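Take a look at the structures below.
You will see subunit A twice below: alongside subunit B first, and alongside subunit C after that.
And then the complex of A and B:
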């Protein structure tokens, strides 16, 4: 048994066992082992990757040769899945209600590992479907409508991918990545020398478009993002840590697969804009729109889960921009942001899981002042907030800084504007979360809220620690990313990132930040006489207030923003898809009504018409 | 806590040169405030600034007659200011009721409810008179006689008794809850 098989199938096996045994305590243990085992093997594989460049394994089954390959780039993605998946599973120990959830959560983890480790399109597609199915079943348990929306869009994506695979197989005659990559490369060469190419311009456009739809759906790219807010919110929130943190990375990984397989051929066919390939620029532009749309909608949400769902969409936009720009630096920056997004968004959803578990409420109008009651969770939320907003000593800053530098370096003002706007709007919705959940006046029914349970606290601790460590020592990640291209794209030491035209030293900034905080603390504690006052002792224009007054803005926090955007908010892709769905239903109803009309003579006429057609055809 | 008594003269010097005013305009004196701040008399040269937040201010100007309804707000605002804080009363009304000496609805002696450091007589006092009062309070801050905030702490029972006599016990909660039935009606209407 190869270790790759253990990595891929351990979660599924654990999930099935947990589902079959269904003993409280045992299923949790099995789940944790199922998630920890791949992580352990991946860490072990790091040693092997240092000495040999890849680990591979293949099985012959049902006429297909399924190939799996572990090398630098997908080891990084698999590690994201390993760490965040493990944390999410730890969170599920507290929040999962039955063995059903264990089965499908672990099944989707298997799917993700399979997608990341696949080295041929057949296994890539099969594990893609396993991943989709597992996550669909997780959503189905909580909300049927949301799950069907997710499933329909995913199925469209998956079958778009299947058609693309079919076209590639028809022309190339192979499914493994190496042969396909070689074939496309040779095709580009043929084109360069003026010979006839295997794929025409339209073929390439079609294949690229189909792959873009397929991976765009999973990543939550702008016009295809509508499933995400519903699916991310209507499920076990610990699972969403994995759903948003890892499953959406499958879409991102897919975009990289486009580069790996079709890259040279697409660049040859469509050329470049500046340093970016034109096809990449499309991805980047859609990514930029994703940032803006996701960010603005996140700010207007009234539900904590929905806010982070849109925030997740918005952050994926950054990764797509980085991948789209397509230079070595921007791709490394994008993968770095994929790592940091997985770390802080996983953390965020675990925090949401804790809040939902402990208060049973999800809407901002029911919350406030929880920082006193849940100090550990608040500390974790603080790390996550700083990380997402991009405050220096945390990982979010390092990755966003790299992205900004990569985009600015290529002179792309539109994309630059989009990602800078996204960064600002990131602050906006995080302030909403910070203010409405943690600070302000606490509703009296939340007075006996307890802090996070131990497994959730450990899971949050792991992710928060990594957020801090990778932020202070960004070189740890950069060193691994450099191995993808086999050269030093991001230079520097483990504490410093050096791009040649810009430097960022995480340790230095941390030290100065600590020094600054110490100085501020000295000034504060020497001078101040601190007096604790109740929350109602606040200046309401001199009026006395009691706890019966709601002093915290809990609804319509960004009403002016909403009014400003009123024109744009009238356009909704959600409604567009809804309308298309309704038309299709109406069409089906109409067909049923007119074709299957229950009239025997009508059916006889159909027969006669078909015979007539056959006669005219000359059969 | 560090003992800062040695540095007290320095602090007093700093305090008197950056008096921030709570912009709480009561009565007719409210209209006499803007000329003080604007270009003709210009208080800013003394480092004074009108400020809407009591937590950031140290000078409380009572600019005219005080009704019991306003006095509740004045007391709440005064208690919200951090120490040290100074109160300056304009005009005759806070002094002894002024022309409202026989009104049922005006406070005759403001000093019974909150400690006043400097009174400025007149109805209304000219801006020059107010500036004279400001000069006076600066001197008092420097020599440490502007100690209303200390008196308020030491004699809190006295002030509390007077306040409660006027408004009745538990007036803060009663005042706050006064609006709740009305708000509930409003909500039902929506």
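And then the complex of A and C:
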């Protein structure tokens, strides 16, 4: 048995066993082993990748040759899946309700590994479907409507991909990545020398469009993002750590696959804008819109899970911008942000899982003042907030910084403005989360809330630690990313990123931040002692207050923003899809009504008409 | 090592002192505009000393204290990365984007502390502060993009050096537009009218600051002074040519001359903010958002696009 097979199938096997045995305690153990095993093998594979460039495995099954390949890029993506998947599974030990969830959660993990390691389009597609199915079943258990929305859009995307694969197979006659890449490369060469090309301009447009839809759906790209807020929120929140942290990266990885397979041919056909390929610019622009739309909608949510779902969409936008710009640096920056997004968003959803587990509430209006009751979770949330908001020295800043520099350096002012806006909006919705959940008055029913259970605390600890370590030493990740292109795209040492036109040093920032805080603390401690006062002992225009007054603004926190954006908020893609859905249902109803009308004579007429057509055709 | 520590200490001392002088200047100039005499220039220092020496202080918990300390710490951090003439600790890492972010993060600390007090005015102030931040970010972003594209580097120090040979940034049309937009943004960053929506004295009882008293407020005064210094310094560096004087033979004279030139530029930036602040009434928050997303954004985006061509 090859180690690649163990990496891919260990979670599924563990899931099936957990489902069959269904003994409390055993299924949790199996699940954790199922997630830990691939991670262990991936870490081991790091050594092997250092000596040889790739690990390969292929099986013949049902007439297809399924090929798997582990090399630098997909090792990085698989590691994201490994670490965040492991943390999410640890979280599920506390939050999963039955063996059903273990089966499908681990099944989707197998799907993701398969997608990342696949080296031919057939296995890519099959694992893509396994991944979609597993996550669909996870959502189905909690909310039927949300799951169907997710499923419909996913199926739409998956079959768009299938058509694209069909077109490629029809022209090239092979499914494995190497041959396809070669074929497109040669086609581009033929075009350059003026010979006839295998794929016409329209073929390329179609294939690119279909792939864009397929991967855009999974990544949550605007305007295909509408499934994400519902699906991310209506499921086990520990699982969402994986759902948003890893499964959405499959879409991102797909965008990279477009580059790997079709890149040269697409650039030849459509040319470039500045340094960016034109097709990439489309991805980048959609990514920019994704940042803005996701961010603004996140700020206006009243449900903690929805807020992070939109935030997740918004952050994926950054990654798409980076991939779209398409220089070596921006792609490395995008992958870096994919890593950091997985780390902090996984952490966030585990925090949400803890809150939901311990309080049973999800809306901001029911919460407040939890920081005192859940100090460990709050400390983790603090790290996650700093990381997502892009506060140095955490990993969120390092990756955003790289992305900013990579995009702006290519002279793309519009994209630059978009990502700047995205960083501010990230700040805005996070503070809203912080204020409503952790601070202020605590509703009396939350008075006996306990802190996170141990497995969740460990899972959060792992992710928080990585957020800090990669932030202080951003070079650790950069070094691995440089191996993708085989040259030093991001220079510097472990602590320093050096791009030539900009430098960032995580260690110095940490040191000077500590120095600054020490100076501030000295001033603070030189002053007189402080006296602790309760929340209700506060300034309320000079009036006395008691616990009966609600002093914390929990509802509609950003009402002025909503009013400012009223015009834009009237447009909703969610409603558009809803209307299209209703329209299709009406159409089906109409067809049923008129075509299958129960009149025997009508059916006789259909027969006559068909015979007439055949006669006219000359049969 | 010891030299670095000494240098950092001197920079910090200088920045705090000048920052307090700036606060004094703001009060005097505003008073003179109103035909008042106004307090002496060192009044903010006296205020701060008074606040720090209060006998009784209150706290609402750990975050309430830590937020304040973090705010001051982060401001000091930001200061270290901005080139101050020829003396600076970390000017090699003084990256445009880094400094832009570092100038914003002290607000996070203030916000955390204010919100943990549970005061409704503080919550309201936090909301207004965040929406102001969101509003200014668009023109600010375009202005930074214009700068980075024009000079092809993100290093603030290199931008200062480039201006020594190419002339000040504001003499080039794309960057002039960016500077105008940035200057309008500065009004909100200083917390001056018409964009003092976050603090809004008289309207929401100082917003985030409402619960702070004693040493907490004192530390925030110091933070405000350093932030004022850092923000004006950053603007002078990137748009007004900074200052690298090499006319004298003695390095000490050169340094003093650089600081003097920088100080004049910083005061010029400050004066514009005071003059505008003294005659304009406050905007409401949605007006501010609409304003920033319209004129400054158009101006800065034009600058950024021109710089990219």
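Heads up, the rule we're going with is that the second predicted complex is superposed on the first by the 618 of 619 C-alpha atoms of A that agree within 3 Å, B and C clash if a C-alpha of one lies under 4 Å from a C-alpha of the other, contacts with A are read in each partner's own complex, and residues count from 1 in each chain.
Here is the rule we go by: contacts are C-beta pairs under 8 Å (C-beta built on N, C-alpha and C of every residue); 3 or more make two chains touch, one makes a residue touch a chain.
In this text the structure is predicted, and so the values were computed from the model without any measurement.
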item	value
First, second, both or neither for A:194, with subunit B first and subunit C second	neither
Subunit A residues touched - subunit C or subunit B, whichever exceeds	C
Subunit B versus subunit C as contact partner of A:618, first or second or both or neither	neither
Touched partner set for A:529, first subunit B, second subunit C, both or neither	both
First, second, both or neither for A:25, with subunit B first and subunit C second	neither
Touched partner set for A:544, first subunit B, second subunit C, both or neither	first
Subunit A positions touched by subunit B in one structure and by subunit C in the second	526, 529, 537, 539, 541
Touching residues (chain side subunit B, partner subunit A) in the complex	1-2, 24, 53-55, 72-74, 76-77, 80, 83, 172-173, 175-177, 180
Touch list for subunit A against partner subunit B, complex	526, 529, 537, 539, 541-546, 548-549
Residues of subunit C defined as touching subunit A within the complex	8, 12, 52-61, 63, 65, 68-77, 80, 89-90, 92-93, 95-98, 101-102, 104-105, 108, 111-112, 115-121, 123-124, 126-127, 130-131, 133-134, 137-138, 140-142, 144-146, 148-149, 152-155, 205, 210-211, 214-215, 218-219, 222, 284-286, 289-290, 301, 304-305, 307-308
Interfacial residue positions of subunit A with respect to subunit C in the complex	369, 371-372, 386, 389-392, 397, 401, 404-405, 408-409, 411-414, 416-417, 419-421, 423-425, 427-428, 431-432, 434-435, 438-441, 501-505, 508-509, 512-521, 523-524, 526-533, 535, 537-541, 551-553, 557-558, 560-561, 563-564
